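Each of the two complexes below includes subunit A, the first together with subunit B, the second together with subunit C.
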Partner chain A sequence: MLDRIIKQSDFMSVVRELSRQRRLVGPVAREDRYFYEVVDEPSKLDLSFNYCVYGPRAFLFPPTETLFTFDQRDGHFEAKPVLDNQPLAFVGVHPCDINAIRLLDHVFAEDHRDEHYLTRRENTLIVGIDCLKPCTEGVFCADMHGNEAKDGFDVMLYRLHEDNDEVVFGVVFGSKAGREWMLYSRACRTPTAMDEREFEEYQRMKAAAFPRRLKTQFEELPALLDRSYDSLLWEATARRCYSCGSCNLSCPTCYCFNIYDEVDMSLDSGARKREWDGCQLEGFAEVAGEHNFRPKTASRLRHRIYRKAKWILEQTGIPGCVGCARCDRACTAKINSVEIYNQLAEEV
Partner chain B sequence: MWVQEARLPTAEPELYIPKPARILRVRKLTEYENLFDVAFCDGRLLDHAPGQFVQVSVLGIGECPISICSSPTRPGTFEMCIRRVGSVTNHIHRLGEGDILGIRGPLGHGFDVDELHGKDILIVAGGLGLAPVRSLIQYIIDERSRFGEFHILYGAREPKELLFKNDLTVWRERQDVNLHVTVDRPDEQWRGKAGVVTTLFKELPSLNPSETAAVVVGPPVMFKFVVLEVLSRRIPQSNVYCSLERRMKCGIGKCGHCQANNVYVCIDGPVFKYGQLKAMREAVE
Partner chain C sequence: MKPKIAIFSLTGCEGCSLAILELEDQLLDILGAVEIVNFREGMTERSWDIDIGFVDGAVSTPEDEKEIIRFRESCKTLVAIGSCACLGGINTLKNYQPEDEYRRYVYGDKAIWFPTIAARALSAVVKVDYELPGCPMIKEEFVRFVKCMLTGRPFELPDYAVCVECKKKGNLCLYEKGVICLGPVTRAGCDAICPSFGSKCEGCRGILGHEALCAAGVNLREQYDVSLDDVLADFRLFGAYQEKDLP
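Now for the complex of A and B:
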């Protein structure tokens, strides 16, 4: 069910309003590719983008960030948390990325609440834009249920049709904040029965447009992997892997990090920081004394695939992979996760 | 107005922030290990379970996980036995009485002492593995009437690597503790037993397997052989406990470093039942 209908130009004027209150992040064209970036001017957003090279996680969980600053002059021991509560709005995120954020929301809130992530997240408004067809070749988001965002957004836009060269969006509200913001625009109207029929047709077209690429239902992937721990495929695939971690870097759901200290010239004050880390890097599980718990490339590759398709799902109930295939596109060795799953499916 | 106020954090504001603790006493145990007796500067008690650990910080250098090696039955201060191996631990070794360390914790799952109450206890420790189980040993000694027979088997590579020599003397003298110690490579002065820790199993009296809990803590190489001995004594798998070591950064189940198959050692462990580990291939391989 749709909540409202709005034309793109009217939508852009509420975005302009939003930009007075929040930092805007959305798809920006850089030559022939798109990146999520902070924009000072809403017109720089290009909502007709195919896909962004990286997901939006960097704006909620930055590549490096300060956890706290410290000062230990004259025997003091003072440590102060550093939090970022600047209001932010994502405008134009695809369903896969919304689903990736849902997972991050869960892992940073469960067991121990991570204030650094959650403070940013609680001050972030998410405006999604749906995909009517696959954004590029090789994605398997439909297999992973990543191409549909049922929640995790404040507002979701569906590109229903064009009217005088202008896109008309169907709007679904995901939160009170999203509704209040959208209703600020007088130009958004209540959907009619015809709009609803158009939306149903949209859903039908969408379902037909996304191919299934996995031979295994995603609910069955944990069981498939259970049977595949000792497969030779890990070793065989790992022979090509450079352990470069590009797959981790490009993944919208990767959230592993390293913690390190930085000191000022005085050596008395400084900051404890965290930075993205990747389980494919050789030293990820290494401890002092040079013992490495995953010394082999094959064991690290298997670890990544197990995390994405089995362990995270089992631990959180949310898929650890959204099927965006960014890892597959990023890999110089052309290691392909769909191929891995399908080959494993043939083995057993 | 549709604009939300910037929301203030509802999260745990001090999750990553260590609390200052003062070093009260440092004792040299071996060439590489010192024992640090510390207390929080604000008088707070650590309130831990045996087998839990803390994240120890030297601001500007970093942080590392260290087992609490004293028992909660001896509150007020807590002890850590620290081997110097790298940047943080070497730095800690340069500190002395009165110096400040940062402490986060207690962290992780320790031994469930309620489950152990009433049982005969067999502890098998190798090398630095004695540090995490020392908290349990002290606990059992302090609550001695709540446990049955108490056997400790401890092995080190060389006599000079034996930890807690004073404790070993005290434990050996107690009638209600059955302690056996061995070294892999004896020297001229060594008058005790020689051989790897599994050779000590023949010193044990016959056990009552279903009433015995076994605790195995040591380096990965030792683990498999000791568990085999324990199981061959017909102690049920659900009564076998062990403590794992992994690289750790956050200590609170976020950073991914300590993951062994589907578990986070920092929050699901470090103490596990052998039954749980069987499914974790990385833990037993």
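Now for the complex of A and C:
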């Protein structure tokens, strides 16, 4: 069910309004690709983008961030948390990345609340834009149920048709904040029965446009991996793996980090920081006493696939992989996760 | 007691010594925490009572060999700085050419006055306690090292690839443009400066480890459509890998 209908030009004027209150982040063209970037001017956003090289996670969970600063110069120790509460809006996020953020939301809120992430997240408005067809070759989002977002956004746009060279969006509200923001514009109108029929047709076209690439159903992947722990595939594929971590660092659902302290030259003050880490890096699973739980490339490679298609799902109920294939595109050794799943499926 | 620091140079451009002077904003703070007692590039006084000695340049002449042994004997802690000191650096390119040829080509008719030997990293001649690789050495890493020494914390180089820093910066991977970059096999710490400006990584911080090297061998033969010799030339440029072939 659609909530509203809006033309692109009217949508851009509400985005302009939004940019007065929030920092805008959205797809920007660079080097024949698209990247999520902060824009000072909404016209720099290109909502017709195919895919962004990286997901928007860096704006919620930065590659490096200061958790707190500390100072003991006056003879007493003082630590001050650093929280970023600048209002932010993502404009133009595909369902895969919305689903990835849903997982981050869960991980950073459960067990141990991560105020650094959650402060940013609570101040972020997400405007999604749905995909009517796969954004590029190689994605397996339909297999991973990543190409549709039922929640996790404030507003979702569906590209229904073009009217005089202008896109007309169907709008679905995902939150009160999204609804209030959109209703601010008088330009959006209530959908008619015809609009609803068009939306139904959109859903039918979409369902037909996404090919399945995995030989195994999403629900069967955990069982497939259960059977594949001792497969020879891990060693065979690991011959090529550099353990460079490109897959982890370009993944929208990877959330692991490392924490370290940096002292100032005075040695009396400094900061505790965290930075992205990745399970493919050799030092990732090294603990005190120099014991490494996964010293071999093959064990790290297997670990990542298990996390993405089995363990995270079993632990959280949320898929650990959204099928965006950024890992496959980023792999400097051309290792392909779809091939891994399909080869495992053939083995058993 | 402030630690007594010395900075020495062997065969190289002395750019790593210069990098220390280029730490303009932090230089006064560093000088407040340490005492520099021997530094050809920066002062005239000389002392041989040294706690930490930093050495740039490779061992490339008989004179270098004598000097590095003297530095080792004079310094409680010896630190190799820059690709030349850590890997041999671009000096090692001469190791692949006939000696009389490169001597004539560099020194002309004065070649007889300049004896030379195959270029080596410091660790090939003396025990080296720490290495701060890079061409030039990474200034921020030098500062981090000094802080570790002052606070008594262990110092470690990043044990992951340049790709990590490159992806953190949100760069478009050069492999996506069909360029074979040494990022996946090269030690990080440079903040991926070359790929960030569109140039492939040439491994100036050295190879991460044998497993990464083996993967490079497999991928170069099976996956990439490039000449193995061209890539080996990149591996050799800074002396990161000097064998004839990849494993």
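The definition used in the following text is that the second predicted complex is superposed on the first by the 344 of 348 C-alpha atoms of A that agree within 3 Å, B and C clash if a C-alpha of one lies under 4 Å from a C-alpha of the other, contacts with A are read in each partner's own complex, and residues count from 1 in each chain.
Everything that follows uses one rule, which is that a contact is a pair of C-beta atoms (placed from the backbone, for glycine too) under 8 Å apart; a residue touches a chain by one contact, two chains touch by 3 or more.
Everything numeric here is computed off the predicted structure, so don't read it as measured data.
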Which of subunit B and subunit C A:L118 touches, first, second, both or neither: first
First (subunit B), second (subunit C), both or neither touched by A:F293: first
Subunit B versus subunit C as contact partner of A:Q86, first or second or both or neither: first
Contacts of A:V263 with subunit B and subunit C, given as first, second, both or neither: both
Chain touching more of subunit A, residue-wise (subunit B, subunit C): B
Subunit B versus subunit C as contact partner of A:G174, first or second or both or neither: neither
Which of subunit B and subunit C A:P319 touches, first, second, both or neither: neither
Partner chain(s) touched by A:Y255 [first = subunit B, second = subunit C, both, neither]: first
Residues on subunit A lying within both footprints (that of subunit B and that of subunit C): 263, 267
List of subunit C residues in touch with subunit A within their complex: 26, 29-30, 32-33, 143, 147, 150-151, 159-161, 163-164, 167-170, 172-173, 175-176, 181, 183-185, 209, 211-212, 214-216, 218-219, 222-223
In the complex with subunit B, residue positions of subunit A that touch it: 21, 67-68, 70, 72, 75, 77, 79, 81, 83, 85-87, 107-116, 118-119, 122-123, 125, 177, 180-181, 183-184, 229, 255-261, 263, 267-268, 270, 272, 274, 277, 279, 284-289, 291, 293-294, 299, 303, 306-307, 310-311, 314-315
Partner subunit C, residues of subunit A touching it in the complex: 30-31, 33, 35, 53-54, 58, 63-64, 239-246, 249-250, 263, 265-267, 275-276, 278, 281-283, 297, 329-330, 332-334
Complex contacts: residues of subunit B adjacent to subunit A: 2-4, 6-18, 20, 41, 59-63, 85-86, 89, 100, 102, 220, 245-247, 249-250, 252-257, 259-262, 267, 281-282
